[in-house]
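Next, two complexes with subunit A in common: one pairs it with subunit B, the other with subunit C.
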Partner chain A sequence: MNRYRVHSLVALGLVLASASVTPAFAQGTAVLPISDAKARLAVEREIASAAAKGLPVQPLVAKAMEGVTKQATGERIRVAVASQAKRLEQARTLLAPSPSVAELTSGADALAVGVPAPMLKQIRAAWPAPQSVVMPLDVMTELVARGVPAKHALEQITALMQRGATPSQIASLGASVQSDVAAGLAPDAALEVRARGVMSLLPSPAAAAALAPSGRRP
Partner chain B sequence: MSDEQDLMIERVRTTLRESPDAATDARAVARVLATVWASPRPSFWRRCLDAWRMPAVSGLGAAAVAGLALLAGFVTRGSVDERAPQAPMTASGAATGEHAVPSGTPQAVQYAAAAGEGAMVPTQFVLDEPAAKSVALVGDFNDWKPEATPLTRLETGVWTVTTPLPPGRHVYAFMIDGTLVMADPRAPKSGDADYGREGSVVMVFAR
Partner chain C sequence: MIRRAALGLLALATARTAVAQAPPEVRLEAGYASVRQAGIDTKTDAALVAVFWRRPSDRWTFLTSGNLTYSRDSLAAAQGVAAFALPWTGREYLRTDVGAAGATFSLRSAGRGGNGNAFVRQHYVRNHGGAWLGLAGGTTRRDGNRSSSLAGDVGAWGRWHFVYASLSFSRQASNDFPLLVTAGVPVSPFARTFELEDAQLVLQARGGPHEVAVSWTNRRAVAGAESRANAVSASGVLQLTERVALTASAGRQFADALRGLPQADIATASFRVSLGPRLLPVMQRSVIARAEVEKSPAGGGELVVHVFSIESQLVEVAGDFSEWQPLPLERDGSYWVARVRLAPGKYRVGVRVNHGEWRAPRNLARVRDDFGGESGLIVVP
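Right, the complex of A and B next:
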């Protein structure tokens, strides 16, 4: 094969690779109802830039659409989309090796409410793939959003996970704390009480270790 | 008596039927037996088929199949129940209830129940807004598209919709008359650093 042919093949590969990114981006942004054409183009550029980095397009389109629905200005939408892309990229690193789109979105949401980045890594370590960390991350996000100190929230969630709590049980913890705080209980106290409640439903650590399926830490 | 002996007797019978005089002649019997032993061994599948045709074996087989069917049905029943339509959660109120796992539930049962964790959970949203001409639900689950999830107005003036949501934390709001976005007055609020317009939060999980 001569050099000309090799170059032609490389060029064809690049064209095909770019074509595979462009439609996905176009599908997501073609419907963005941003009236200001300049602002729409800026948002589309942000999304295209994120897509080129291998980030999922859907959460970024959703972020842009949120701005449209909330009647935000084009510039504010662009900034919001860029921030979301940054959080998604950070979450991808923290939740390695191969987080799902749902996990990335949950990770980005957690970072948005102020969950410290290293804690995402700790949750991933306590709940290794292929177990989904969507629910632990979502509950962590909710607890921190209600005012529970992130360190305390992480301790309780990982303790429950290590005792074999199901995602539903972890979610029920978040929902209970949410209602307790709404009723006037201090966030920290609410978490303490509700975590004990869920913990009391779980088997002893020894039994959890014996019954835990392979690939899941006791 | 083993299955192989049963098969051999059956082959002897067949041979004797073909040579009626063999039953009374010792040499003929010896010839028949020699023929039977020398005959090629049936293939594995043939032996399986023959074995299945025997009353005792087919009875056991039928029982085994019935047992397997019962087991499969029992297992499937558990997973189907998890995916069956559930009592809808209410975005404001019921979502904050206790998880209904009885004390002392064996871990294995909890893991089995967790098989349905990823299933969509019907979730009800309610807004008391009699003056509104239209109400839509917008949130991270429908990409904030107002046309995706319209609410229905009841005679009382209360608007409602029940929609399946994936388990997890969801941020949402109501869009009134196509323009005004408002948080759910009955649900906890979510901050919004990006746009500065707070929404509401619902924690969705399979009960």
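Right, the complex of A and C next:
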């Protein structure tokens, strides 16, 4: 069976599962392409359990599919899905009150690379809803994965956000740091230099405050 | 002499390096050579045996090869080369090759003796072209007389679909006059050295594992001798199975003062057998994978994955963007390329070669993947 089709069926099954809080897999609605039936059932139960808690199933199905592609054992896939579910749950608390699925996924990935949990709260506070924290979280994740200390990365990203940087400008920061690191610059120093570069393009703090929409910190 | 050459080849073939980790690539070639040495009218039938051994490590590639050409009465030559290819940290488009080579020979046309030479060559390599600059020096002992040579070359290559072209210029200075004399080149009786300039054009076409190549060389003596000549040669590789290929070549080889080899017209036909792993089990670091995003004015961008790998059979990329469904890269010469349109966001990316282990492209931030491996992380603005 085509894997995309399987994936769609799995997602559909899980949506139904999350709505009815009934493990759709147990009813044979859809099947993950894991050859070991016992392991497959364990993974499906893990996903259904997360769905019952109101967590998004798409990131969990994606994690399972990644494990299938990487030829991981059924037990390893189950553990990976359970870990991802735990991170999603943690991210939901940290990014409260009403994070989107994309924000939850980004938050979970940030936690996975070692971004300290309180920092997710700080980002949310600096960029309150309905503003999306997806891009800041993603750039933070990339910088930390590159070896930039989380505290330093947060300071620079927060400063940019307070100066009114757009998500695109913040994302470009990550790309610029990447090229600098490839050229031999230390990640920390690369971020410092690039953040200054982006900062120079932004309006002054006073102007940013005047331009900022209500509810957003200057 | 033959025993000495065989021992030399054995030593080269079994050379080990403590830090190399990847499985070696070993090729054996055996066949027939028809050689007409310059200055000798008759053709010589000879046996040809060659071995190629290459082992990549995390940071460099070590290779060594040797060949033995032997005929009962008039021709015996053994050559060996050992070289390191060193990529530059953070600048994969730069590579430095350093190496040394040695030869021992007993030729009716050019006497008995041996040669040693060393070279360094700096490469600049991009996707569709590159350039190099090299310097080499060697010394030859021939019938008790010693000579030395110095050579420099500069060249550039380009690729258009499956056709490669390279143009190079080299200049060599030497006092190994017997080489020119046997080739019938008039030499100055007063000169202490001679200098030769070569311009070489090589055209190569590759179709899958098969390839054909034609080279044309124009040689001009600029000091110590008077000569202007052209030489043409052609070669081909026909892959018969995954492990066995048929190779053939024919053409003129100009006298090579750096390596102490005389001018000769040579035709060869041989079988090449791969003795190493049939398919590399994991993606080696010598396989250089890079992933970059080309921004789109409309937002998002295009993920461009480049993998440099000559010997791979299949290269795939997968990630969040494909729901971890492997997408095959398209072969483009020594490179494999994939382009995927992406919306803004963060994506995890993995690349694998020959169904091996999934690895993060080299230039991306790396994250653990919960399965004991790693993925690359890329953010599309």
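Quick notes on this structure:
Everything below uses one rule, namely that the second predicted complex is superposed on the first by the 189 of 218 C-alpha atoms of A that agree within 3 Å, B and C clash if a C-alpha of one lies under 4 Å from a C-alpha of the other, contacts with A are read in each partner's own complex, and residues count from 1 in each chain.
As a convention for this text, a contact is a pair of C-beta atoms (placed from the backbone, for glycine too) under 8 Å apart; a residue touches a chain by one contact, two chains touch by 3 or more.
As the structure is a prediction and not an experimental result, all values here were calculated from the model.
Annotation for the three-chain superposition on subunit A: subunit B and subunit C clash.
After overlaying the two complexes on the shared chain, residue contacts for A:98 are found with neither subunit B nor subunit C. Touch criterion met: A:164 reaches subunit B, while subunit C stays clear of it. Of the two partner chains placed around the shared chain by superposition, neither subunit B nor subunit C is touched by A:35. In the superposed model, A:145 lies in contact with both subunit B and subunit C.
A simple residue count on subunit A separates subunit B from subunit C, and the partner touching more is B.
Within the three-chain overlay, subunit B meets subunit C in a clash at only one of the listed stretches 42-50, 60-68 or 186-194, and that stretch is 186-194. Overlaid on A, the two complexes show subunit B and subunit C touching the same residues of subunit A, namely 62-63, 65-70, 72, 76, 79-80, 83-84, 102, 106, 109, 112-113, 134-135, 138-139, 141-142, 145-146, 167-168, 171-172, 174-175, 178, 181-182. On the subunit A side of its complex with subunit B, the touching residues are 58, 61-63, 65-72, 76, 79-80, 83-84, 102, 105-106, 109, 112-113, 132, 134-135, 138-139, 141-142, 145-146, 164, 166-169, 171-172, 174-176, 178-179, 181-182, 197-198, 200-203, 207-208, 211-213. Within the complex formed with subunit A, the subunit C residues making contact are 89-91, 293, 318, 320, 323-326, 344-346, 348, 350, 358, 363-373, 377-381. Put simply, subunit B touches subunit A in their complex at residues 95-99, 101-103, 105-108, 110-111, 113-114, 117-118, 138, 140, 143-146, 166-169, 173, 175, 179, 181, 188, 190-195, 197, 201, 203-207.
Touching subunit C in their complex are the following residues of subunit A: 3-4, 7, 62-63, 65-70, 72, 76-77, 79-80, 83-84, 102, 106, 109, 112-113, 134-135, 138-139, 141-143, 145-146, 167-168, 171-172, 174-175, 178, 181-184.
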